Structures are given as C-alpha cells and as structure tokens.
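Can you read through this structure? Questions will come right after.
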Amino acid sequence: MQTILEPWAPNLVTFWDEFIKSIIETIQMFSLSGIISFVLGLLLGVIFVITKPNGITPNRLINTTIDVFVNVFRSIPFIILIAFMIPVTRMIAGTSIGVKGAIFPLVLGCVPFFTRQIDLALSSIDPGLIEAAKAMGVSNLGIIFRIYLPESIPAIARSTTITAISLLGLTAMGGAVGAGGIGSFVLRYGYQRYYNDIMIVCILLILFFVLIIQLIGDIVIEKTTH
Amino acid sequence: MQTILEPWAPNLVTFWDEFIKSIIETIQMFSLSGIISFVLGLLLGVIFVITKPNGITPNRLINTTIDVFVNVFRSIPFIILIAFMIPVTRMIAGTSIGVKGAIFPLVLGCVPFFTRQIDLALSSIDPGLIEAAKAMGVSNLGIIFRIYLPESIPAIARSTTITAISLLGLTAMGGAVGAGGIGSFVLRYGYQRYYNDIMIVCILLILFFVLIIQLIGDIVIEKTTH
Amino acid sequence: QDTVDVKIGLTGSDSKVWNYIKEEAAKEGINLELLYFDSYPLPNRALAEKEIDINAFQHHIYLEKEIEEFDYDITVIGETVFAPLAFYSEKITDLSEVKDGDIVAIPDDTTNGGRALKLLETHGFIEIDPAAELTPTINDITNYLVDIEIIELAATNIPATLPDVTFAAVNSGVASNAGFTVDQALEIEEATAGENPYINVIVVRTEDKDNEVYNRLVELYQTDEVKEIIAEESNGTSVPAWE
Amino acid sequence: MIELINVNKTFSTKQGIVHAVQNVNLTIETGDIYGIIGYSGAGKSTLVRCINLLERPESGEVKIDGEDLMLYPDKQLRQKRHKIGMIFQHFNLLSARTVFENVAFPLQYQQFSKSEIREKVESLLELVGLADKANAYPSQLSGGQKQRVAIARALANDPTILLCDEATSALDPQTTQSILTLLKDLNKKLQLTIVIITHEMHVVKSICNKVAIMDKGHVVEKGSVLNVFVQPQQEITKDFINSVNNMSKIDDLLAENSNIVKLEDNQRLIRFDFYGQNTKEALIAEASLQFGIKASIIFADVDIVQETIIGSLVVIIEGDIHKQRQALEFLSNQQIRVEVLKNADNLRTVGA
Amino acid sequence: MIELINVNKTFSTKQGIVHAVQNVNLTIETGDIYGIIGYSGAGKSTLVRCINLLERPESGEVKIDGEDLMLYPDKQLRQKRHKIGMIFQHFNLLSARTVFENVAFPLQYQQFSKSEIREKVESLLELVGLADKANAYPSQLSGGQKQRVAIARALANDPTILLCDEATSALDPQTTQSILTLLKDLNKKLQLTIVIITHEMHVVKSICNKVAIMDKGHVVEKGSVLNVFVQPQQEITKDFINSVNNMSKIDDLLAENSNIVKLEDNQRLIRFDFYGQNTKEALIAEASLQFGIKASIIFADVDIVQETIIGSLVVIIEGDIHKQRQALEFLSNQQIRVEVLKNADNLRTVGA
C-alpha cells in the first residue's frame, strides 16, 4: 500500500502511521459520540415534541427547559464549549484529553442539533394517527414507540444522516483536546503544511465516510417508505 | 452603557469599539451570506427533490450532481474550505479577506446543509397534493411555487431556523480570513486571553441572536400551520 | 527492561522532530505518546492538571502570560527553536513603499498577533502603549505613524491572502510551509538566541523539574540530528535555540 | 350504556367560534345500534368523538355505564378506550405498517400470544375480504380497502362499544351489506353497542334500532327507528326519510309536468302512506275490488323496518268519481294516509 | 369524446403484480354522464386516473376527442388537463390555503382578473353551500365540507370533462342531491362530460345515462343505464341493481321464515318485474279486477329511469287458485316477468 502510494502521495507515506492512527481515532470518536448522541437526541427530541402545547402530554416547564438547553448549547462556539466543559468532562470520562476526553463535548455539541432535527422529523406525522392510537387507549409511551417512531423512520433516517455528517465535521475539532482524528490530521498537515497529497486523500476519505453514512441513510429511507 | 458596564465587564469596556465592530461584522456576514444561502439552498433543495426518481421531473444527472456537490462540501472541514476557496473567493468577491471575503466561503459552507434540510422539509408533503395539481394541468414550476413551497412553509421555517443557527456558528470562523465577528472576538479575547466577562457577554449575545432567530421561526411556523 | 510512559502535548506539525525523538526515546525505554492539540490554551492546562506530563509548543512570553493568568505551577526545562516572524509582500519590495491606506495582515492569535504589532512598531508604523508589554492588541496602539489598516486573520491563511493586502506578517513555520524562503522576506524579526522571549520551550510541572526522564528528552531534542531535521523542514526559517 | 348529558363543544377559529355540538342529551343503551344522521357539518363526527373524549366537551357529562369519563384519570380512561373501537372518517391507518400489522396493532402489548394475534387478525381480514392484501401497505390499497382495514382494526380488540364515522361510505353496496351483517351479528351475539354516523338512510333502516338527527350542533329528533320513520316530527327528518325512497321524485315530475303524470279524464294521482300489519290485509287491493277502481303504481316504496312494513305508493286511480271518493274514504279509515297530488282536468272543474 | 382502447395498468408490489386495470375498452361520448361501478378494489379509481394520465397505462390508448394523450408532450398534456376537472377520493385539499384559496387555485395564473376570480369562487361556494366557510382552513372542516370544497375546486376552471371519484360519498342525501342537480345542470347547459365513480346506485339512476361495471380490473358490462338496469347480463350487475332496491330483502325474510311471508291458505308470494309504458295501464290492478284477486304489496320499488318506469313488486295474492293462474298468465303475456316465490302449503300439495 505504502509503496504504491509513494510516488503519488509522498507526504502521506511519511506520516502513514499518524494517518492510520487518525482514522482509528475518528472512527472511535464518531461511533461512540454518535451512538450516545443518537440516543440522547432522540430522547430529548421526543420529549420536546410530546411536551409541546399541542403534544400528547403538554408540559411547559420541560418543553421550555429543553428549548433553552438546545439554544444555549447551539450558541456557544464549539471550541469554547470544549474548554468550558473540561472539568465536567473529567468528572464524566475520567480525563479531558484524547479520544476519551472528546466524546462528551462532541455529544454536547451534537445532541442539541439532533434534538431539533428530531423535532423536525416528528412534526411531519399526521395527527390523525396519534388520534387513532389515543382512541385505542394506547398509553403515551405506546404512542411514542408505536406511532411516532415507527411512522417517522424515513424522516428520522434523513435527520440522522444530516446529523451524522455534521458530527463527522465536529470530530475535526477533536484535535483541540488532543483527540486527533482525520480532521485534525488534515488540518495539521494538509492545511497548515500545504501537503496537498494529504489534503486530497483526507478529504476523499472523509467524503467516503460521508457517502457511507448517506448510503446507509438512503437504504433505511428506501426500505421504510411505503 | 460603557460606564454602567465598567464594574462588571472591565475588559469588554476596554475593547468596546472592537466589540461593537464585531457585532456589526457578524450581522453583515450573517445577513448577507444568510440571504444568499437561503436562495441558493432553497433552489438546490427544490431541484434536488423534483429531480428524484419519483419526483415531478426525474433527472438522474442533475440529482446526482447536487447530491455529490452537497456531500463533497459537507465533507471538507469548514476551516479548510475557507483556505481552499481563497482564490475562488478573490475571483468572485474581488478580495479574499474581510467580511467581503468571508461571504462566499460561508455560503459554500451553508448551502449544502440547507439543501439537505429543504429536502427533509419538502419530503413531508402529501403526494396527493402534487397529484391534484398535476391533474389540474399545473406546470412543474407551478407545482413548486404553488404546492411545494407554500404547503411546506412550516417545515421550511423549521429548517431555516436550524440552518440559520448553524450559519451563525459558522460566522465564528469568519475570523480566519479577517472578517472579525463576535465569534472571532470571543475566541481572541474571551478564549485565548481568558477575559471571562467578554466570554460571557459574547455568549449571551450569540444566545440572544439565536433566540431571535428561533422566535422568528416559531412565529412563522405558528402563523402558517393550520 | 522497564518502560516509562510519557505524554507530551504538542501543537501544529513539527512532528518529524518529535517522531524522531520518540524513536530515540523508545530505545531507552521511554514510551513517548504524542498528543496534538489544535488549540493553544489547552496544553498548559492539561499539563497543570496532570493530564499530560510535558509540553512543547509555546515560547517564553506565552508561557509567562499563562502562568500569570492561571497560577500554573509549571516551568521551562529546555529551549527548542526560534521561529522569527517576517514581513512578506507580493506588491512591494521594500517597507518604505508602504503608504497611507495600505493594508497589513497579521495573525489573529494572541501571541503572534502581539509579535506582529511589536514588529510593526519596530519598523515605525505604529506606537504602542508600553503597558501592554509583549502581548499588545490593536487596542493598545496609541498612534498610527503611517495610516495603515491592520487586519487580523488566521496565521495559516495569510500566505494565500497575500494578493489582497499590501504586506503581511507571517510566522516562520507558516512561511516555510507555504514555500516562502528567508530571502523573500521584507524584514525578519531579530534572532538573538539565548535571551529572546520568542524562543520555544519545553515545559513540565515544577515538581518534575528534575525528572530524569523529562530532562533526557530535552537532551534528545538538543542534538545535531534534530538540528538537521529542523533545517530541512523549515527552509531555514526556524533556528535551533541551543548550541 | 352511554349517556351524553348537556354536552357542548365549540371550536374557536379566526373567523369566530364554531358551536359544533350544543346541549346534546343522548342515551344509548347497551346493545343499541344507534344511527346518527344529519347534514354535512352538523356536528356528528364531533359528537361521536366526544364519546371517547377525543374531543373534550367544554361542559356536560359523558357517562359510560354510569361513570363520568371526564373525571377519569388518564390511565383509567385509556383502559376504557381499549374497549371502545373507533372507525374514523379518514381511516387513519399507519402507513409504515402492513394491513396485517395495522389490524394487529390494538392487540399488541396485551395478553395475547403471537399465534392468537395471527389467528384473530386473519379471521378479521377474511371477514372484511382482504385476506389477500395482508402484506400490502396502506398506500397500495384502494379507498374501500383502506376503509375495510379500519373496520377490521376497530373490531380487533373485541370492543364493547363501536363508534363508526361513515364506516361504509367508501364501500360498494355488497361489501357494505356484508359489513352491516357482520356488525349486526356482533351486536346480537356480544351485545356490542354500536354508534354509527351515516349518510345512507338504508343503513339506518337495515341495522339501527334507534336514530338521532342532528342539525347545526343540536340533536333535533331521536327515538326508535320505526317511530322516527313513521312519524317524523321535524322537516329535516322528513327530508332524510324521503331521500331514501323515491317519493320526492314525484314532486319533480309534477313540476316538470312529465308525461308520466299526465292524467286522462277521471284519473287522480294519489299518494298513500301506510305502515304496520294492516297492509297485509291488502287494503288497497280490496278497495280496488270493492269499489271497482283501477290503480296503476307510479312509484312505490314498501319496506320492512324492524319487522314492520312501512310504505308509500303513488298511484293513478281511475273509475267512477263517486266510487273513487268512497274508496279513498275507506282507506283513510284504515289508517292509511291519503293525499291527492293531482286531479284530472275534468275532475278539477267538478271540484272533487 | 373519451376513448380508452385496450388500456392496461399494473402495479408491482413486493407481494407480486397487481393487475388494476386489464384490457379496458370504453367510449364516453361528449355530454355523457358515465357511471362506473364495481366492488371495492375493482380498479375504478385507477381507470379514471388513466383518463387524465395521472396513471400512465402500460399499454393501450387514451384518446380525448380523437387525439392520443399518451403521445402529447408535457405542455400540451397540461393544457388538456386544464379542462379536465377531477374530484379525488381523498379530496387532496391544500392545507395551507383557505377554502376560498383552494377553490381559486385552478383559476390563478390564468387570464382571470382578481374580481372575476372572487366572483367565480363565491358563486361556486354558494352552490356547494359553503359560503360561510370561505376563510376556514381544510383542517377546520368536516368530512363532507372538505368534499364540497373539492367539488367546487374541480368545477372552478369550467372543465369540459369532469372526473369524479366517489364525489358524494361523504355527503348527506340532501347535499348529494343538490350536487347531482348541479352536475346535471352543467351537463345540460355546457355539454359537460362527466365520469362518475360511485357506490350509490341511486346516483347512477338519477344522473347517469351510461354505466360500466368493473370487476377485477375488467369492464364486464357497459351500456345505457336503462338497458343495464332492465336487462342486466352479469351476476355482479344484478347484485348492484338489487342493492338499490329492497327486493333482496325478501330472500332474507324467506330464509328466516318471517311472519310477514307466512302464507295462509290459497295465498301465493309473487314477484313482478316490469318496465316501460305498460305499467301506466295499471295491469296489475286490471288483473286484480278482472280475475277477482286480492293482492297486498310486501315490497315495492318502482322508479323512473330515463323517463321510463321500471319496477318490481313483491305481493301476496289471494283468491281462487284457477283465477290466480289465469291472472298470472295474463300478466306474463303483458311482458311482466312473474316469479312465484312461495306457495301456501295447501297449494304446494296441489302442485300449482
């Protein structure tokens, strides 16, 4: 591999180990923070939707709290958010640096966004379906798990795709706490050092990740749209 | 104002002129790139939706092109995108620095995202409505302007709100080409120099902007949901 | 043979040097883990809070400012390189051509920005409030001797935006990466080795000041082999700061 | 038993307040099949949605078996709703689920085993004639097929009360009939109480035992179907009853002066309305024989409602004028309502 | 004139291919009101959607006024569609527009001025009885109100062809009647061609001049309404015709052995079917007089279809057995179809 690449991407070959390491770091950051953000964002999004004034269990307090949480955390520039959160990160993850230290800030940067996306996705459900479930005596939990979520899978898949790609973008900031990753790698070598081969390969690699995410999203959408 | 703030935010008062300038810069960057991105993103989003295989005027080539464009530009870390685009920016805007030089990269960073959001928004429209319009002999352009857009205003408003807040986040990177802005201001003083008063005031200010965007979005949604 | 783990916080991309040192250290049973931070404020904090053991990314001025601000109990155990700031231009060949209304680009980070302002002062474009010491901001400019417009932007973007400004202050690392050579520079920061506040340093927590392993790393750095790597990497824009 | 006491429901819109349901009192006994009819927009759907509190009335009580649902906490209300099936005017099928899964929906997360659910759903789909569409998605169904899925779903949970909002409007007459037969069977076998909104009076006639007529939010008339059909009190009720037969057409024909109602000398156009057992005695035929009158039927609508014959005839009679008058008198005395719609020209001058 | 020639339309689903429309040939003349009936899922909606190419048939031709629409480029097709109104089974109203704006929709971006549009829309809303809901949004309407908006919208553009997919299924009989009258008027005045899918046979009877019966994708019978009603060829057609009268109930009563059909000695239960002018001659009454037979009507359905009386009676006759036989023979000779449904026990043994 390296020898094949040598003539085309000499710099990449020079920093090959770091390159491989950065891929692993990106995958670690992305998958861990992605899974956590997905669960939390879905949870918050659903709670947000159902506690709206015309939701199935209106609750002004909870609804406003989520709204404020989302807005506040979307307001803080991510790099500042990372710095702000260091003590909390250390409490939660045991360390504030490296991949481990990046997960919590990434989650914090991703969840508010995903929450909004879920709001967008769930808001497109026909209210008649909620009504039908109510009429059948389905509990609120049942409405969430048996109507809201299954009926909006295509929309949630779209939201998740968008969010996942945004999260991939965020992981590029993982470098701020020494978590490395392709984003940081390409910043340090491709961008700051003008190693064009590294720049191009890394961007193609990120594009490849993006395409995979997109592909998975499209497949889910296709399979679940009837 | 300054004298009132003096005891609470001494550093802010010191850098008051820069602070005011940064606000103006943010507003300039945000509004200019926002308007352009809105128009372009809407355009691309609509074209993307109608050229889908089951759209009103399927066109594989155009559809795939947009898809690739969106994915490629979402793949490139924004900071690298800015750097990459400097020559193009110069061609388009006459300069690559300052507020003028930031607009083009901001648009390029925002449009792909907004395009996806518009896709999400328009995909929630009842296909029956498109059919009804077709049956009435409405042209494709008519279907776009008289069905797709008006019927999905609430969803588009949600998408626009999300995108606008993301764009506000992007403007923080405007500093990279000397466009200043609150984001750059808070990074330089609040973050790098540890002026906590500046940090807090700036974040509150951004939060304020976010809330205004959210409020406008919510009002539009409320007015257009029947 | 027992190995000892050391975490070092770095920034930017002088990794060739550190990769070399890492290899060398490994031979002596020192397992060096390189952590790259993409932002300046964190490595000192991480060091102070014992997340890492050692860092090497800053110069004296920056370190002093940080210590002053946060009371970090950290200290220098060795010097590395001096990376002088220099003025470059595509429009003019001499600073004397600068006239009113011209634009100068300077880095937007605290230390390099301050350095650039100092350099502008040295060359008689502006006057700076002495109270600002070594890290002035635009705000500390008390007088414009030439009516130039100063614009701050990311250091790494300065070479690319050179056509849009009259001249610019460029970090040596950035300049060499962009393919600029020392002789293209209009002016270069004076390099007075030994006492220059802009010399980069290796820092540890004060309690570890005498740690053998860390000091061994300094020794590994200050070798001729490293000197060679630096010369090769920086086109001569960085100068080793040891004899 | 369902009791609606003084129920009011309004909607506020930008154009003002809409009083959808106003002061409605209605008692539906267990085992009733209660029809609700009324013009479009009368408030029928809203009223029925008040029964399971999908719309919470502003005032009034909604009692089921004596207990006021409005006072129930959420959980109890949900349990109650388990036993109230509902068929919506717009079906409200789950688009992400197949026909089978839609029907199985109310059965899931209950005490049923998978195979029980399968058995139940399959038998319901069989009943509504959709066994072959079990794996189709709602978007692949025709309108009537969707409606039948909705019907099957509403019945899945063995409800004790079934609320039907135009449950057969998208169905052809045969399918409608088979659904009605099914409902009637369930009603008989399981004492299923059914509330059925419908525009088709023949639905009311064929399965309801009681009926309420709504107009502008009010229930203007209610009672046993027979009573309402035989002795409608309100104009609107009469209109509805006429809609089901073709008696009203005679008015059009008269207005148009159609050939059909052109009378020759000594002819009269008469409308008879009758109900009950006396028709079996062939009164009209008897009159015809007794008085030597010939009668030819123009329109006829004779039907059986709740085991009772009720009917209307429009006939042209012919014969001696005096005999005619005697015949009509004879019939009037037999509790047949006689109405002369038109006299032949010669009779008009005589002034009969 | 609309011609469908050998039209086929299939849907492919995961469960296999659905042949929704198969080899359909249909000619609808200008000015026709063409009814399409058939069981749920028969392919009616799909067929009608083929007329304006909302569904493109896999094979066959769709001609309007002799020109094959399938060959039209997009723009021309759109122009053609301007003049084809369509009322959808599921209404498809624009939720972001008011009732007024929905109806105005097809008029916008054409040659009409604002005031012309206003006038037109207001008069249409008046016609469908929704003048007071002009500013309401679809979500604030009842089912029937939505349907009426859809009707008004379909008529807004003064179409020359109107396709109605169960356009009155959610309407009460009165509103239905007024809509039908409106359609018939437009048909007469403007030669509007109407294709109307319906489950209500009385709709067919009251406004259609032709009718096609669909079954499993095929058109199994078609022709003038009178012909089809008088001489239905297919079982399915007969079923549909029976659905509209209550004649089929007699079978139930016989099966149940209801009191109503219990015969006393010398009684017979007879069904007469007749049509045309001869009814005016009061044949049954004449037979009754002539042979001294008493006849009491159990069910009757006499209606006028296209100016012709067609009807069925179920009667119990009573009288001398020989006279009875003569009477029935007499009637049979007068082109009345006579069917003995049941004989009294005593007659059965005699073998009459």
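As written, the chains take the letters A, B, C, D and E, and residue 1 is the first residue of each chain.
By our rule, a contact is a pair of C-beta atoms (placed from the backbone, for glycine too) under 8 Å apart; a residue touches a chain by one contact, two chains touch by 3 or more.
As the structure is a computational prediction, the values presented were derived from the model and not from experiment.
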Shared interface partners, meaning chains that touch chain B and chain D: A, E
Count of contact steps on the shortest path from chain A to chain C: 1
Centroid-based (C-alpha) most distant chain relative to chain E: C
Between chain E and chain A, distance of the C-alpha-averaged centres to the nearest whole Å: 57
Separation of mean Cα positions, chain E and chain D [Å, integer]: 20
Distance from chain C to chain B - Cα centre to Cα centre, in angstrom: 35
Chain D: positions in contact with at least two other chains: 90, 140
Sequence positions of chain C contacting 2 or more other chains: 41, 156
Shared interface positions of chain A, touching two or more other chains: 79, 83, 187, 191
Touch relationships between chains, expressed as pairs: A-B, A-C, A-D, B-C, B-E, D-E
Interface residues, chain A side, partner chain B - complex: 67, 71-72, 74-80, 83, 113, 116-117, 119-121, 123-124, 154-155, 158-159, 161-162, 165-166, 168-169, 172, 183, 186-187, 190-191, 199, 203, 206-207, 209-211, 214
For the chain E and chain D complex, residues of the former touching the latter: 11, 13-15, 18, 37-41, 44-45, 89-90, 135-136, 140-145, 147-148, 165-166, 169-177, 199-202, 239-240, 243-244, 246, 249, 253, 258-260, 279-286, 288-289, 292-304, 307, 309, 311, 313, 316, 318
Residue ranges of chain B touching chain C (in the complex, touch as defined): 14-15, 17-18, 79, 82-83, 86-87, 90, 95-98, 101, 175-178, 180, 184, 188, 191-194
Partner chain D, residues of chain A touching it in the complex: 126, 128-129, 131-132, 134-139, 142, 146-147, 150-151, 153, 224, 226
Of chain C, residues touching chain B in the complex: 40-41, 69-70, 103, 105, 108-110, 113, 137-139, 151-154, 156-157, 160-161, 163-165
